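In the two complexes below, subunit A is the common chain; its partner is subunit B in one and subunit C in the other.
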Partner chain A sequence: MTSTAMASSAQNTKKLDGLTLRYLVLIGLIVIASVGFSFANENFYSLTNIGILLRSIAVLFLLSMGMTFVMLTGGIDLSVGSNVAFSGGVGVIALTTTGSAFIGFAAAIFAGMAIGAVNGFFIGRLKLSAFMVTLATFALARGLALVIYDADSINVSNQTFLWLGGVSWGNMPVVIPFVALVFIALSVVLYKTTFGRDVYAAGSNFATAFVLGRRPEKTLVWVYVLSGALAGLSAIITVGRVSSGQPWAGLYLEFDAITAVILGGTSLFGGRGMLLGTILGVLLYGIIINGLVLTGTNPYLQSLIKGMILLGVVLLDTYTQRGKTA
Partner chain B sequence: MPDLGRLLREKNIIFVTLALCLLFFLISPRFMSVENMSAISRQIVPIGLIALGQFFVVVSGNIDLSMGMGSVLFAILLGVCFGLTGGVAVGIVAVIVASLALGFLNGVLVAKLKLPAFIVTLSMLFMAQGLSGLIIPRGQQIFLMGGFFRFVGSEKFMGFYWSFLFLVVLFVLAYIVYNHTRWGSYVVAIGNSEENAKLAGINVDRVKIGIFMFSGLCSGFAGIMLSTRMGFVQPGLDGNGLLLDGIAAIIIGGTLILGGRGTIGGAFWGLLFIGVINNALNLLNVEDVWHQVFKGAVILAALGANWVLWQSRQAEAH
Partner chain C sequence: MKLSKTLAATTALVSAFAASAALADDALDIVFINDGHVAPYHVAWLSGFEDAIAAYDEAFDDVKVTGRWLSAEGSLEKMIQQAEVTINEKPDIMFVNAINVDAFEPLVAKAQAEGITWIAVHSPMDSADYSFTLGDVVNGTNQGMAMCALSDGEPYKVGIMLGQAGNPSGEARREGILKGISTCDNVEVVAEQPADWDTVKAQSIAENWLTQFPDLDAISGVTDGYMYPSIAIAANSGRDDLHFYGYDGDIPIMQQMEGGNVKADILLSGTREGWNFVQMAYRIHKGETPDKVYDFFTPLVLSEENHKIALENGFPEDVQVYYVDQALEVAQNGYLEFGPDSVK
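Moving on, here comes the complex of A and B:
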């Protein structure tokens, strides 16, 4: 964890090599998992099922990319799952009262950003621990969602609002190229802008970043706002996928996102990781979860398996990293 | 002599809680009735056990997210053992052993392998949730009947529920351990600075494992209390709500979330505060959907107050 974004180029190539190896392993595991599940379910490889699979993890792609930014700064965002329900609720209410899909879109994204701003204020400005603050907003956002929906779902029929999450071009859901676009945009932000370098700097060494005048506390605020905005986008996709707004949408999605990001090689302690790893992590994790659902696994067994995957990956990571630094 | 700031902080939450009681009494006179007061005293028992275990974890600068779902798992474990043997002795021994084992596992992963506590305990939360649904036949409830459950759940001694008295005794014991034993001061030392604690010759790993075993045991007790109060167990009980209430109680009670500072007395008043709020929300017929908003907001406000506390501590240090 001594390598920072500002480190020498020699260190950079070395860091990339370690990650490249991990990405190759991930790709291998993705292939193995797909083959395994294709035995369990012969429809696994059909184009339709791949479309369904990708659509079902589209939201996880977005949330995990936001989580990657957060975790690169050394933080965590437990509120994103609840935020999906909350911002979806705000968006659906705005849509049904005004009748304009675009006001609905804007309302959902702003609502997501508002929760993110609350997180960012408490974590960045007041320097409180990220998991405590986002645990509070985890409860708060879910509660607000329940209030907005009055604990009941609301059907949505506006085709423009449902377009992003619901429409397919042939076998290709439109949300897939959309996720790819978001990935490209966020990659540009992370690797080609000063903000991206500030994200790595804040996570590598907060004090040094502060001394160098990079204003890491401000970076933190924006990272959580970004995570919230992606939760708002995810809410729009979630509503589009099921044609209704649900107060319990996104339940425990933050947990899936954290697991996928760690799986993708982003360090829990900040400063190390890449968006590409997160994409591979989501793919592998998504295939496993989707496979468990397709094979009709008991949901309680699923959550046991999820917990074991998270703990296993963290254990493995710490073990290998410690081997390197020693 | 305790320092003035600490005393004042404890008094703050006392005043706020009493003021709230008065307010609720004015809105609904039934609030202050003896029946309602003893109902509150029984409702807060599982939350209080979670808060007590979490207190030591948080003072040492960690967090145990597995306590809520853990207690659901242990309640179900008790129920399953009861269903198999028809008695409670085996179940209680099983719960105590299992809860200590969970705490030990958390402690070793955090202390020895240096994994972040919130990730370790988050994964335990999900494993506990999964197990709680796997050890009981799907979609079933186990009803708990018999002397033990009636005794702990609804018998009183001198006007107080036995479960509440049990909680009070545990708080008193914890007070003594925290304030008057070497182990208690080790917990504070680790929360202030792990490095310094190590330099001072404290076996940090062992103390940390002990802290997590205690929080595990507390969630085991909470599970037992949960099952006696409800009279049945089933998967899908709201373990996370319990966890949040417990954390809220100690933060409201002035425990510094960054570790190193907090009082048992404050935690107890924070617990009463949460108990009064929970009870009043029900009594005043506030819609269910608002409860969680309220709790999230209360935790967030308490975190803000915590920040003020932290600032004053910084000011003291300079």
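Moving on, here comes the complex of A and C:
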């Protein structure tokens, strides 16, 4: 083994150790938060509350997994929350027009992918700033949602369409095994396919990936399309949860997703992170939100706590990154 | 001697504690779920609610009164989650100011199955046990008619700042304002813009309007939260002649009515409403049954001088009007009408 290869191998081990440590810290925080909240409120560990907790973060799981792909490329997708409202509207209108739940499902997912494709085209092909492009589609998708809904909600009674977001097996919402399947599928895509390697390559060093013929600009397009598709899926779950299509669905979810992804160890600068970390990040974030509600924490204090968590993880991420590049 | 005194004191303390525990074995747990917590009206609401909880708990030995206020921060999903978690906690009464009532229909049934009384706030729901409403259409109409009456028949251009698109309460207020304005021909609505209950958005809208419509005569809003930035921007732009028509009865806004450019307001008063929530919950807990649709009393506020002018210009005499001093008194001490003494 050459000295360069040995150094690279040692660096990889160090990187793996860093992430493992991060996950151990997250698991520790999850345990501490859970135990703390269970002392504050005995209902915390009730099966009903665990079911509520899992159902409430199902959409965040999906959006955060999409956001992880995006952030691994060094990008950001601010449009996902608005996309949930828009694609939900398209799905519900397709459902009410045709009476077919499956056409409704397809329409929601395609609508989500369409917004993702717009993001991907401008960011990947035209090399525009991800922040600015998705900030624009954040407003655009919400505006479209308000227009197609005429700013009012649409009730949905089709049980097939409502099944995924609304039905539970006992205390277990059916959406949770579904999210687990999506997680497995996306893990395979990220870790076992060329596309997954291209995602990491685009985020680690875009120029090098380009020189090596990895077509990073194409990867970017597909990453945003994937994020859009997951927003479409999230829309279906959201409609099922509230038995109606809502023009204000998904408000501020992009910020929750970004927080959870960074919390899970994915770098703001791209190229580093794993889906497992995102799952842990979402879980921790969900437990904190659930616990704050259960304990009746003053809303002003809740904002403060959430802000401090975000600031803390951004600082942690920035210092970790500086340490790596120093 | 010393030991016997100590024992006697301990016994007395334990007995007193046991007696108070026995007295307070009845409990009233109230949860309020709101769409936000930072708008000036929400702050007043929360303050009134928390003060009232403490006052009722202190005033009645036989009931332990507790309360929590949750803010969904504008997010429908968070509000749904908060409602689900709360239902699992089984409080006695839930007040919910739903972002969209349709989304909460499944949860109302779930709460009622758990024996929880669901009170829909501001946007009425047929399925709820009670709806706490403000008479938004009537209030808006009164505001619109005040514009007609105070514009002296001259051409009068007005911009209306609306609530969040689709919000039932905001829509009802808009409907009322337009209905009131339609009673005269001289008032023209030159712009309508949602500001999403957000004072910062209201600020930029006011700036745009003053540039776009240099001959604008008045700004009307569905919340006093919009009046603060609008008044400041008008003053900074030298538009001392611009009139304002508010909604909420915020004290700092009503204080600008005597000789100022705030022409009319609707007296809600967040503090007062917060107290009324707790009073209503207590009454229900004690077995009273308020009207299914409970209308919070919300008079129009005018200065005495402007009321006279309005009446001369055809403003209906049967519209109940509070003058500024009376309205300020109610806004400042309005909790007295809903305090523990009101139900003793």
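Keep this in mind: the second predicted complex is superposed on the first by the 300 of 326 C-alpha atoms of A that agree within 3 Å, B and C clash if a C-alpha of one lies under 4 Å from a C-alpha of the other, contacts with A are read in each partner's own complex, and residues count from 1 in each chain.
Following the convention adopted for this analysis, a residue touches a chain if its C-beta (ideal position, glycine included) is under 8 Å from a C-beta of that chain, and two chains touch if they have at least 3 such contacts.
This is a predicted model, so every value here is computed, not measured.
Taken together in the superposed arrangement on subunit A, subunit B and subunit C clash. When both complexes are overlaid on chain A, the residue A:25 reaches neither subunit B nor subunit C. Contacts of A:246 after superposition on the shared chain: subunit C is touched, whereas subunit B is not. In the superposition on chain A, A:181 makes contact with neither subunit B nor subunit C. By the touch criterion defined above, A:315 lies against subunit B but remains apart from subunit C after alignment on the C-alpha atoms of chain A.
Shared-chain residue A:151: touches subunit B and subunit C both.
Once chain A of one complex is fitted onto chain A of the other, the partner contacts of A:290 are limited to subunit C, with no touch recorded for subunit B.
Contacts of A:139 after superposition: subunit B is touched, whereas subunit C is not reached. With both structures placed on the common chain, the touch criterion links A:302 to subunit B and to subunit C.
In the three-chain superposition model, subunit A touches both subunit B and subunit C at residues 146, 151, 252, 298-300, 302-303. Residues 41, 43, 46, 48-49, 52, 55-56, 59, 146, 149, 151-153, 155, 166, 238, 241-244, 246-253, 289-290, 293-294, 296, 298-300, 302-303 of subunit A are the ones that touch subunit C when the two sit in their complex.
Residues of subunit A touching subunit B in their complex: 76, 118, 122, 126-129, 131-133, 135-144, 146-147, 150-151, 252, 255, 258, 268-269, 298-308, 310-311, 314-315, 318. Across the interface of their complex, subunit A is touched by residues 31, 37, 46, 68-71, 73-78, 80-82, 84-86, 88-89, 99-100, 102-106, 164-166 of subunit C. The residues of subunit B lying in touch with subunit A in their complex are 63, 65, 109, 113-116, 118-120, 122-134, 138, 235, 244, 247, 251, 257-258, 288-297, 299-300, 303-304, 306-307.
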